[in-house]
Amino acid sequence: MEKNKIKKIIESLIFSSISPVSSREIKNFFSDEEITIKLIENLILELQEKYMNSGVNLKKVSTGYRFQVSEDCNEWVSNFYPEKPQKYSRALMETLALIIYKQPITRTEIEAVRGVGVSSNIIKTLLEREWIKILGYKDVPGKPAIFGTTKEFLNSHNLVSLNQLPKLDDIVELSDQEKRQLGIFESNTEKTENDDKIKNEYNQENIH
Amino acid sequence: MDIKSSEVKNVVDIDVPLAYVKGKPYLNIPKDLYLPPDALEIVLESFEGPLDLLLYLIKSQNLDILELPIAKITDQYIQYIDLMQDLKLELAAEYMLMAATLAEIKSKLLLPTIDEDTSEEEDPRAELIRRLQEYERYKKASIRLDDLPRVDRDFYLTRKVSYQKIQKEEDYERVDLEKLVIVFHKLMQQTKFLTPHDVKKEHLSVREKMTFILNSLKKDNYLDFKNILDITEGKSGLIVSFLAVLELIKLSLIDCVQANYESSIFIKLK
Amino acid sequence: MEKNKIKKIIESLIFSSISPVSSREIKNFFSDEEITIKLIENLILELQEKYMNSGVNLKKVSTGYRFQVSEDCNEWVSNFYPEKPQKYSRALMETLALIIYKQPITRTEIEAVRGVGVSSNIIKTLLEREWIKILGYKDVPGKPAIFGTTKEFLNSHNLVSLNQLPKLDDIVELSDQEKRQLGIFESNTEKTENDDKIKNEYNQENIH
């Protein structure tokens, strides 16, 4: 087969493969004796040169060759795909709420209130966001980490102090529809009244 | 389907009736059935409904749809239906309906025309011919459609070329603070944490101060208690700080040490 | 920005996208006023030339541009992957043909032409493949879904518009005498014209 044709085929194989393609795989694919590993690797070198100044480059990784977006285009491509604003899970919200209001708090204590285990992913996410941090380790068996909120959490939510967190009172002013959206309202008016009473108590006593 | 075409062939070979149609054994496939003998079931199974079968019967005899020799076609159609039933092929009700339609048309055509002027009256075959033509158009179109180049069969795309996702701080969506308050409130309700006794102690500002203190403390470092207090916070601020220290001691998170009565109180992480 | 840089970025954007990228999307991405659709399309033309003799080509399909394996390499790529592509049943293809040429169409209407029931699996497969979609629900008892084809169908077949599809066969022309005999003198020809009209309207309005 003509060298240029082999090169084109190698190019198309690497582009159409989900995982990196090794020169060995390519060699095995061509049952032609004349197509040696050496020839294949030379052709790949030529391809690498061809793509030197392109938007994508041909790179060697541990399991073979693959195309990657070139370094100078990476940021553009990255910006082209806006990360979908993450929807926070109820579990994450609850965990965060407990860390805010009951800090310093350990995982076991969070679990005690929530009645279910807290997944490591949630803690990891909150730590990575730098919304919480490990304040220290409790001096009990197992030395559990103690969590608290960070300045970063306040900053990223435009707060100076935790006291600026909205009060339940303010939220009670919301329309029924808004409440339903927030999931405060269970269509049951009795429950709502009761909720409001507790909410008020809570506001007076807890958030100053 | 429980009978494979090869088995059907074997059956034919050993002279056992291929099928019984109206109680009459068929040793061989009837000569007027136009179908390859070794693929009886495959052929029977592959019809896409009564129109498809009719179309097959017409085409296999090089007839024109427009001629539609109804008597001949009707007989063949019914033979097929009988065979399909004998082979226990799942037979859609539509096949039976078509048999009835064919029989009806046949009988209409057999009736003598009474009045010459009724030539304007529609040929009883017209509607069926129209349907056959219509079906044939789409059947042909579907074959051409299947021949069109199709992704992952006739042509291939490049895979998504990977790139490094650049994480930006602004990418993080804030949590809805109001929702956070509600979530906490609900949790408290659930766990009956919200008893007056507990609540009074759980001043958020004390909690915040506790975190502040823990943050200020470095491992193995002592911190002067006075430095924790912030005069600008006023009296309540001082009380909050004091309560925070007491709470931390209670939680055995910190130790308090004092060299003597006069000297400063130092706190350190436990 | 330098033209060559813009070209590289466009190249990397199209390569890194799962779905085709349109010039409009690229234009919107660059907030730079000077980067016009015209400029982008010229650069894409240059890219198409660049890849003319490569193992992959830059192609335009209904929703934008994408790279695909060049025609002479398709067979090689096909052999490189052991799994064979899915074959679709005649029933599925006939159903699809009816949806393409008679859209908007309901299941009952499909069944009327085919003379046999359409299995739910066929509709499900076509919906999952995203070749068809539910355009709405007909305002008759049972509120049956109305189906039509998607841009994804076009993309999967290297088409830009439904107009590129082979035309339906005309109903065989009969002599006037035959027509009179069959009593289908007017009704059929009229219907065909009407069909074509609706088809053309549909193409113009929906697929561009």
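Order of writing sets the chain letters: A, B and C. Residues in each chain are counted from 1.
FYI, a contact is a pair of C-beta atoms (placed from the backbone, for glycine too) under 8 Å apart; a residue touches a chain by one contact, two chains touch by 3 or more.
Worth saying up front: this structure is predicted, and the values here are computed from it rather than measured.
With chains reduced to the mean position of their C-alpha atoms, the one farthest from chain C is A.
Once CA atoms are averaged chain by chain and compared with the all-protein CA average, the nearest chain turns out to be B. Centre-to-centre, using mean CA coordinates, chain B is 22 Å away from chain C.
Rounded to a whole number, the gap between the C-alpha centres of chain A and chain C is 35 angstrom.
Measuring from the averaged C-alpha position of chain A to that of chain B gives a distance of 26 Å.
Counting partner chains per residue, chain B shows two or more touched chains at residues 156-158, 161-163. Looking at chain A, one finds that residues 12, 15-17, 56, 67, 69, 73-74, 77, 79, 81 touch two or more other chains. Residue ranges on chain B touching chain A, taken from their complex, read 156-159, 161-166, 169, 171-185, 187-191, 193-194, 196, 199-200, 202-205, 207-208, 210-211, 214-215, 217, 248, 251-253, 269-270. In the complex of the two chains, the chain B residues touching chain C come out as 46, 48-52, 65-66, 92, 94, 98, 119-123, 125-126, 129-131, 133-146, 148-158, 160-163.
On the side of chain C, the complex with chain A involves touching residues 5, 7-13, 15-17, 29, 53-56, 67, 69-70, 72-73, 76-77, 79-80. The part of chain C that touches chain B in the complex is made up of residues 12, 15-18, 56, 66-69, 71, 74, 77-78, 85-86, 88, 90-91, 93-94, 96-98, 100-101, 113-117, 155-159, 165-166, 168-169, 171-172, 174, 178, 180-184, 188.
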